[in-house]
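By letter and in written order, the chains are A, B and C; residue numbering begins at 1 in each of them.
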Amino acid sequence: MIKATHRPKHSSIPLLALLLCGLGILALGTGAVRMSPAEVVQALLGPHDETQARILYELRLPRILVGALCGALFAASGAILQGVVRNPLASPDIVGVAAGAGLAAVVNLMLLPNTPAWLLPVGASAGALAAFGLVYVLARQSGEVLPIRLALIGVAVEASLDGLRRLILVRADDSIAQALIFLSGTVYGADWERLFRVLPFAAVLIPITLLLHRRLDVLSFGDETAKSLGMRLEPARLVALALAAGLAAVAVMGVGILGFVGLIAPHAARLLVGPRFGLLLPASMLLGALLVVAADALGRGLIPPIEIPAGLLTTLVGAPYFLYLMRKTGRVR
Amino acid sequence: MSLSTKELTLGYDERRVIEGLNLALPKGRITALIGPNGCGKSTLLRALARLLKPREGAVLLDGKAIHTLPTKAVARELALLPQMPQAPEGLSVEELVWFGRYPYQSALGNRTAHDRALVDWALDQTGMRIFARRPLETLSGGQRQRAWIAMALAQETPILLLDEPTTYLDLSHQLEVLQLLQRLNREQGKTIVMVLHELNQAARYAHHLVAVYEGRVVAEGAPEAVLSERILRQVFGLKAHFLRDPETGTPHLIPFALARREEILEETL
Amino acid sequence: MRKILLSVLPVLGLGLAQIQVKHELGTLSLNAPAKRVVVLEYSFLDTLLALGVTPVGAATGTQGGDRGLPPYLRARAEGVTSIGSRAQPSLEAILSVRPEVIIADAFVHRDLIPQLQRIAPVVAFQSRRGSFDDLSQQVLDIGRMVGKEAQARQLLEDQERLLQKARAFANPKAPPLMTAVSTPNSFTVHSNESFIGSLLERLGRKNLARPQNNQTQYELSLEGLVALNPATLVVFTAPDETPIVRSWARNPLWTRLEAVRRGRVFEFDRDNWTRGRGPLATRFILAELINSGLLADKPAGGSFAFKAP
């Protein structure tokens, strides 16, 4: 008999948290003005150079926090979707979040060109939720939403909404393209205000998600098993999907559409701590935060003072990972 | 807890699969639903497990229509093992078995000593204790099936429904599963209802057979009574020699030919 | 006592402020000329350098399709600290050079203003979408901000003299012309209210294109171009690109253009002509304008003639 050795899965969580703290300190020191970790700690705690302290407190700290929070939100959203759809390739995009946000932002700017910059992401996340509503309604068939149907409809809706957005943009003013930069997924310019706009929503959605972890577990079984365990499948599925869409929409409000975070982070977390949401959610969120903070720090530190958008870097890492996943899952079946 | 159906009509979309069925499943016994592919036996089992809403009539659990009862309450009375159960990848056997306690847990999901005891008991009953930490996908087919049965046991239900629990297993694993079910019935008094393909296994392990053909029950009762030449011809289109199992005395058949269409028609007319 | 003093000080400061500059966001008040200035557009950099002031930081980085410093500015801007690109200047790089004033574009940096304001007072001008007059006014405003008002006036006077000189070359009876920037995938008309359009009008050459939907610059297709059928066409391209207009020139429609038939299709460097927009750029542009024969409505010749494929 094979005796599998098992490291307690819980130990990953504090480890990841520690890693995130360490990365945070490194990231605080990275950018146009470099600081060693010791200098960072010094500037935070002790007597310090004023410019350094301002860079840390006013620019980098909020930026790292927004990145970490939104990375966590995307990852939680992806974890839920991968569970509900029972497909490791699912990500927030399959419920129309990205295209919905993009289209809503464009329409918003066409109708109300003077929308203040901070309000635009709010409109975009409303669009993300609306797109999810559309996907859900279309995927529903005789009172049931089958995961595979949801995934296919999601892809179709995503493509159509995105097409519509491009169509509108062709005729649009170049100031609109200018205002849409945030959609491409970047933590650039994130400040305390932005953090405080995202935080209340996150503070509601994340605890709810964590509270529902056992329901999410049961949902990720086959439909028959979930029902025979006494789960009312459809309402539970709707709540889970709405939660996933909401988490992603709030993340869009903070950093636009950061590609692949919602796909990679939960998948890697599953490899680390297994499929149960009690551990999977915190592990995914920590990994999502790590990913975005790392991408943003790299983006700032590679060729300063030029900034590479974090979304570009996460996509650079994400796309090959996705292909690897496709090949791997392809082989199993 | 008794399970029965009253004027039960089932179907998918336009197609009716079961029509006006009245059936009582004997309590504390093993019942096997038999019949050719597509006869409606799996559909019937799905309705008994509340997975399928009746078109008309009802499935009754202690006289109450199962679809009007709270879902969690039903989950405490009957457990289902689907034909190809799916679990999230990476789940260990013990984690799986814990989910059997889901219908009993509050929203916060605190685990009680009773929960723990039942999970341990289910692992012991199925001999899965030694595999408790193993991820499901690393187990053989028979072990995996036993793990799922352990989860159903942890659900602490008087009734256990199984959809073709031996399909896809090799012969020794088939026996392993059937003997486990037999023991659970004897020792725990569980009412077991399962869909079985193998007629000899059904005859040997079930107390009660229900033969389904084209959406109707054509015969039910003890294996000796149900497995007649006539039923075999009519339901399965087979001719067989009838022997007795030297050990249990139950019927054992050896099919030797397909019944000709005319013969079956003659019979039914 | 200290409290009262503190509350009175800002009022006093406002009264005492020697320098007040009106801009798109309001009025900037300075007690003393700003010594440390960060600029986020090339025209502001051009202006400061023309005034003999080196900014502590400038957005000269290449990112997001930005082509970096226009060639005419490169040598002069050597040694100016880059604080990132115009589209996404690095906020921490700006903070680290401790500016007293940041000069931003009212259109390009609209969404970034709050973040910039937290670092230092921000002055926003219409550079990208400004006309020649707007940009000239900005020379004065920037001059006052850095305590070089006299030099700024001198610059503008010199510029005016140069303009008069160029005007003498212009043929007043020439038909209206059209100006456009062409990249590998776009052809963007610069109307009479754009920087280059308004400069040419000032020199006596009417522009065929008016602003559309309040946009001084907008894209046009070959068909649109043929419909407008300018008698003189000025395209701005980059030597390292194959502009889309080069492929249009293979189309039979192209030869039907009045400007093509008259041999009045001019081609200039787009970086130098449309991206600098300061006094230095203007000097450079005027020189090329006179040499090219465009003002006199002569056929395009030499290096300024459109290079047909």
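Before moving on, here are some points about what is shown:
The rule is short, and it goes like this: a residue touches a chain if its C-beta (ideal position, glycine included) is under 8 Å from a C-beta of that chain, and two chains touch if they have at least 3 such contacts.
Computed from a predicted model, the values in this text were never measured in an experiment.
Seen from the Cα centre of subunit B, the chain whose own Cα centre is farthest off is C. Compare each chain's C-alpha centroid with the centroid of every protein C-alpha atom shown, and the nearest one belongs to A. Inter-chain spacing, taken between the CA centroids of subunit A and subunit C, is 40 Å.
Taking each chain's centre as the mean of its C-alpha atoms, subunit B lies 80 Å from subunit C.
Chain geometry summary: the mean Cα position of subunit A and that of subunit B are 43 Å apart. Within subunit C, contacts with two or more other chains are made by no residue at all.
Listed for subunit B are no residues, as none touches two or more other chains.
Residue positions of subunit A touching 2 or more other chains: there are none. Within the complex formed with subunit A, the residues of subunit C that make contact are 61-63, 82-85, 87-93, 95-96, 98, 107-108, 110-112, 114-115, 118-119, 213, 215, 217.
Those residues of subunit B that touch subunit A in the shared complex are 46, 49-51, 71-76, 78-80, 82, 84-92, 95, 99-100, 102-103, 105, 107-109, 130, 133-135, 138, 155.
Touching subunit B in their complex are the following residues of subunit A: 1-2, 4, 6, 83, 86, 88, 211, 214, 217-218, 220-225, 227-232, 270-271, 274-276. The part of subunit A that touches subunit C in the complex is made up of residues 31-33, 51, 54-55, 58-60, 117, 173-175, 178-179, 181-182, 186, 188-189, 191, 193, 300, 304-309.
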